[in-house]
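Every chain is named by a letter (A, B, C and D) in the order it is written, and numbering of its residues begins at 1.
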Amino acid sequence: MDARSLQAAFVAVRSNKLFEIFVISVILASALLVGVKTYEISPGMRRLTDALDLAVTLFFVTEIVIRFIASENRRRFFHDFWNIFDTLIVVVSLVPVDNSDMALVARLVRVFRVLRMVSFIPELRLLLVSLVKALPQLGYVMLLLFIIFYIYAAIGSTLFETINPRLWGDIALSMLTLFRVMTFEDWTDVMYETMEVYPLSWVFYVTFIFFTAFAFLNMIIGIVVNVMEEEHRGMQAKAAASRGEPTLSDVHEQLQAIREHLESRAGNR
Amino acid sequence: MDARSLQAAFVAVRSNKLFEIFVISVILASALLVGVKTYEISPGMRRLTDALDLAVTLFFVTEIVIRFIASENRRRFFHDFWNIFDTLIVVVSLVPVDNSDMALVARLVRVFRVLRMVSFIPELRLLLVSLVKALPQLGYVMLLLFIIFYIYAAIGSTLFETINPRLWGDIALSMLTLFRVMTFEDWTDVMYETMEVYPLSWVFYVTFIFFTAFAFLNMIIGIVVNVMEEEHRGMQAKAAASRGEPTLSDVHEQLQAIREHLESRAGNR
Amino acid sequence: MDARSLQAAFVAVRSNKLFEIFVISVILASALLVGVKTYEISPGMRRLTDALDLAVTLFFVTEIVIRFIASENRRRFFHDFWNIFDTLIVVVSLVPVDNSDMALVARLVRVFRVLRMVSFIPELRLLLVSLVKALPQLGYVMLLLFIIFYIYAAIGSTLFETINPRLWGDIALSMLTLFRVMTFEDWTDVMYETMEVYPLSWVFYVTFIFFTAFAFLNMIIGIVVNVMEEEHRGMQAKAAASRGEPTLSDVHEQLQAIREHLESRAGNR
Amino acid sequence: MDARSLQAAFVAVRSNKLFEIFVISVILASALLVGVKTYEISPGMRRLTDALDLAVTLFFVTEIVIRFIASENRRRFFHDFWNIFDTLIVVVSLVPVDNSDMALVARLVRVFRVLRMVSFIPELRLLLVSLVKALPQLGYVMLLLFIIFYIYAAIGSTLFETINPRLWGDIALSMLTLFRVMTFEDWTDVMYETMEVYPLSWVFYVTFIFFTAFAFLNMIIGIVVNVMEEEHRGMQAKAAASRGEPTLSDVHEQLQAIREHLESRAGNR
């Protein structure tokens, strides 16, 4: 019975409103700590932030353990994506900061604690889930975009490699350069350089911009249409159902009933 | 009765069409004055603009006082946002220009008188109100965007601080640099600099651009869907109501009536 | 009867299919001439293009005269926007090219003959008309955008004039600089310059970008919603009318008729 | 019967699932080869890639021949766009790489084999077809955009040719420069240069940006509205048909039947 009562106590802690507020304060504090550490701070402050950091780490471990023990079915605990997400963030931030070799990695890893904000606020979780769900719909447009990039990068690194190996050295560099062209970032500098050797190379850039812009436009329209469609369906269902308004089907059934009523009376006579 | 008749006189002034035209002319004149003062002008002109400035200030004070006295319920005068808005603009522009220390502040403060144009034209007021109303809907996407910025800025200032402290010195500077990257403004200059130390740092920039672009897209779609939904609802209501066209509910009721009529007759027999 | 038969002949010419094709060929030729003249050409070619130019000018004058004479009501000829448009283009291109002083102006003026393409193709005319019609809807957002620009330009030229008079010299220059910032064109160069004097001046740029982006977004959404609404109304009307499908009103009337029929029968008994 | 059984065997090969997987692997391999060849590789690797390249070429030829023989109607084989597309890609990649003069061309031509990915995956084919189908709708907006470009380029090369012949030398160069201005790429550098000679030339750039932005906006709205309309029509049809829900027409017919029934009974009496 001991383990049971312990679990019950942990469930009570987890559902406690004050505990929730405390958790979010710790998450905010850990986020602030991440920011503070990027400034030049005095050794005293440094010791303080290190101590706070340790406290946050310990608290996060405790909180995960409480949630694990308080969970109804411990085997299913790691079936939930957000539990894995939180545990991972907590575990990797256990890397000690002291070791000078790992110090940078440890600092970087602690940054990701800010992501606990996402896993804690349901609305942000929903947003992230909907973002991830939107990705597969874009699959084929992404693939097409990648093929366009790949072909142009192959042509670019074949033709322009000798002109500027830093930009067109291999297919990976060329794709990065093309990404830059797609964002319109100093793309004419890249173009004027190659136009000195191949005066017609502007065709390469202008067609690339057209193709990618078109593919992008298609992607955006695809998303918008999808969102609208769902929205529309949801609205129709809501309009019909929630306000108790009759649908065409209801009217249809009524008419059917009237007709049968009339016909049965005609038959009775 | 003296105060009463004074108030009545003020109400008359405030509702006067000519007075309204005069107010808008003064607002326009004050806006023009703001512009003129940015040019090099002769001492004579300077004296003229200073005199006009004083005249505008006095007029604005007078107008606010008239509106205050003419208001039905003086206690509620400051419950209206636009009254506070106007009063604030007028009060802060009372800062004297003569004092050389405050001269710059006084000049800046007078610029905001142009905002009286917004409070005077109802359509602009509506626009501003609808802009402000749209903000809370964007709350969570904004928060997500901020978290993305914060994490990337923390990573950036951890890794790149030694490369270029002007861009990545602390988390605030890093966020400004990332804002620049988001607007695609010479972002490759920033990237090529860090790629010399960390050749894979392009991943940092490209993923950041993807995440922010995606979050932005989400934000825009959110707004569009919202606007459309309201629009749609408004249209449906209008279509049904204003043109007197029957709705499905009307048809439903009619059928109910016919059915009852038929059944009562069947019962009568 | 002479004048009458002349007009009839001119009407015949104007409606002739071959004449139409000839007109469009001349318009295309005049457009090509405009392009050719921007290249270095031999004196022989120059004489040829000048001769063709004269021929095009004469033809355009003739065509306008034919249309004028062939028009049913000559007084109303200049009530039509496109007639005025065409006449203006033709008249200004009568400026002689020979005069060395006016040569540049004459060349520029001939460029606008390309616009006759717009007035000749009905679809382009429609596009232009719909663009112009869309403008007034944007009126207030434009005004708001202008006020934002004006206030920021006034602040900018007050604070930053001494830092870079070329960018912030007066309110007009400042508005041009802000337009540049709005297009994200090397805006950080402008910002870093002022941040050396006022370290917090990034607030000025970031808020400006937010405000203008928001106003722009509003404008675009406004247009999209407008277009959709019209589209939607058009579709509903078409769906109901053209395919002969019954509307709710038709069903309503039918039910009314049935009810009256039933009641009259009930009364008859 | 020999030729017949051969064809049957080829049909069997073409429809084989394993063969399909093999084809896509070869396409992927050929795409990877294109990428690998842009890197500096050892002579041994070079020989390997050349051998693989030959193998891919031979396989592609074989595959096309199998598809040709297996096709039901060989005369119609080249009536299908995708067959022509594939054959063209395969035929041009038969250009030998050995010949030093043609080596570059041969390498470039092999890049286009990546496009076989598009012709192999039905979803990508659909995407490309829908992109091409969307183009004619944009025809007139494109023409208007071209006219705007042409007029501004003619004015630009007339006025600014002496200032910077590299940017404004002739109408083609000017159009490229204007395309650059449209993408906001260092457009102020171009503007400040001409503003030194013509201080008012900012009008040229600002109006150009407004016109093109407006035309673009129109284009995008045009596409979105089109897509929505189709979507909407499809949804209405689906909603009515697939779920077997009654339409207003059904209700109309029912009422007609009831009415006739009632009237016939009234007549019977």
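In this section, contacts are C-beta pairs under 8 Å (C-beta built on N, C-alpha and C of every residue); 3 or more make two chains touch, one makes a residue touch a chain.
Quick caveat, the model's predicted, so the values are computed rather than measured.
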Turning angle required so that chain A lies on chain C, C-alpha fit (0 to 180°, nearest 5): 180
Shared interface numbering between chain B and chain A [over half = same, under half = different]: different
Interchain centroid distance [CA atoms averaged], chain B/chain D, Å: 41
Distance between the centres, which are taken as Cα means, of chain D and chain A, whole angstrom: 29
Numbers and ranges of chain A residues touching at least 2 other chains: 184-186, 224, 228, 248, 251, 255, 258, 262
Chain contact topology (line, ring, star, complete or other): ring
In contact (per the touch rule at the top): chain pairs: A-B, A-D, B-C, C-D
Touch list for chain B against partner chain A, complex: 140-141, 143-144, 147, 150-151, 153-155, 157-159, 161, 170-171, 174, 184-188, 202, 206, 209, 214-215, 217-218, 221, 224-225, 228-229, 232, 247-249, 251-252, 255-256, 258-259, 262-263, 266
Chain A residues touching chain B - in the complex, by the definition given at the top: 31, 34-35, 38-40, 104, 107-108, 111-112, 114-115, 117-118, 121, 123-124, 127-128, 130-131, 176, 179-180, 183-186, 220, 223-224, 227-228, 231, 235, 245-248, 250-251, 254-255, 257-258, 261-262, 265
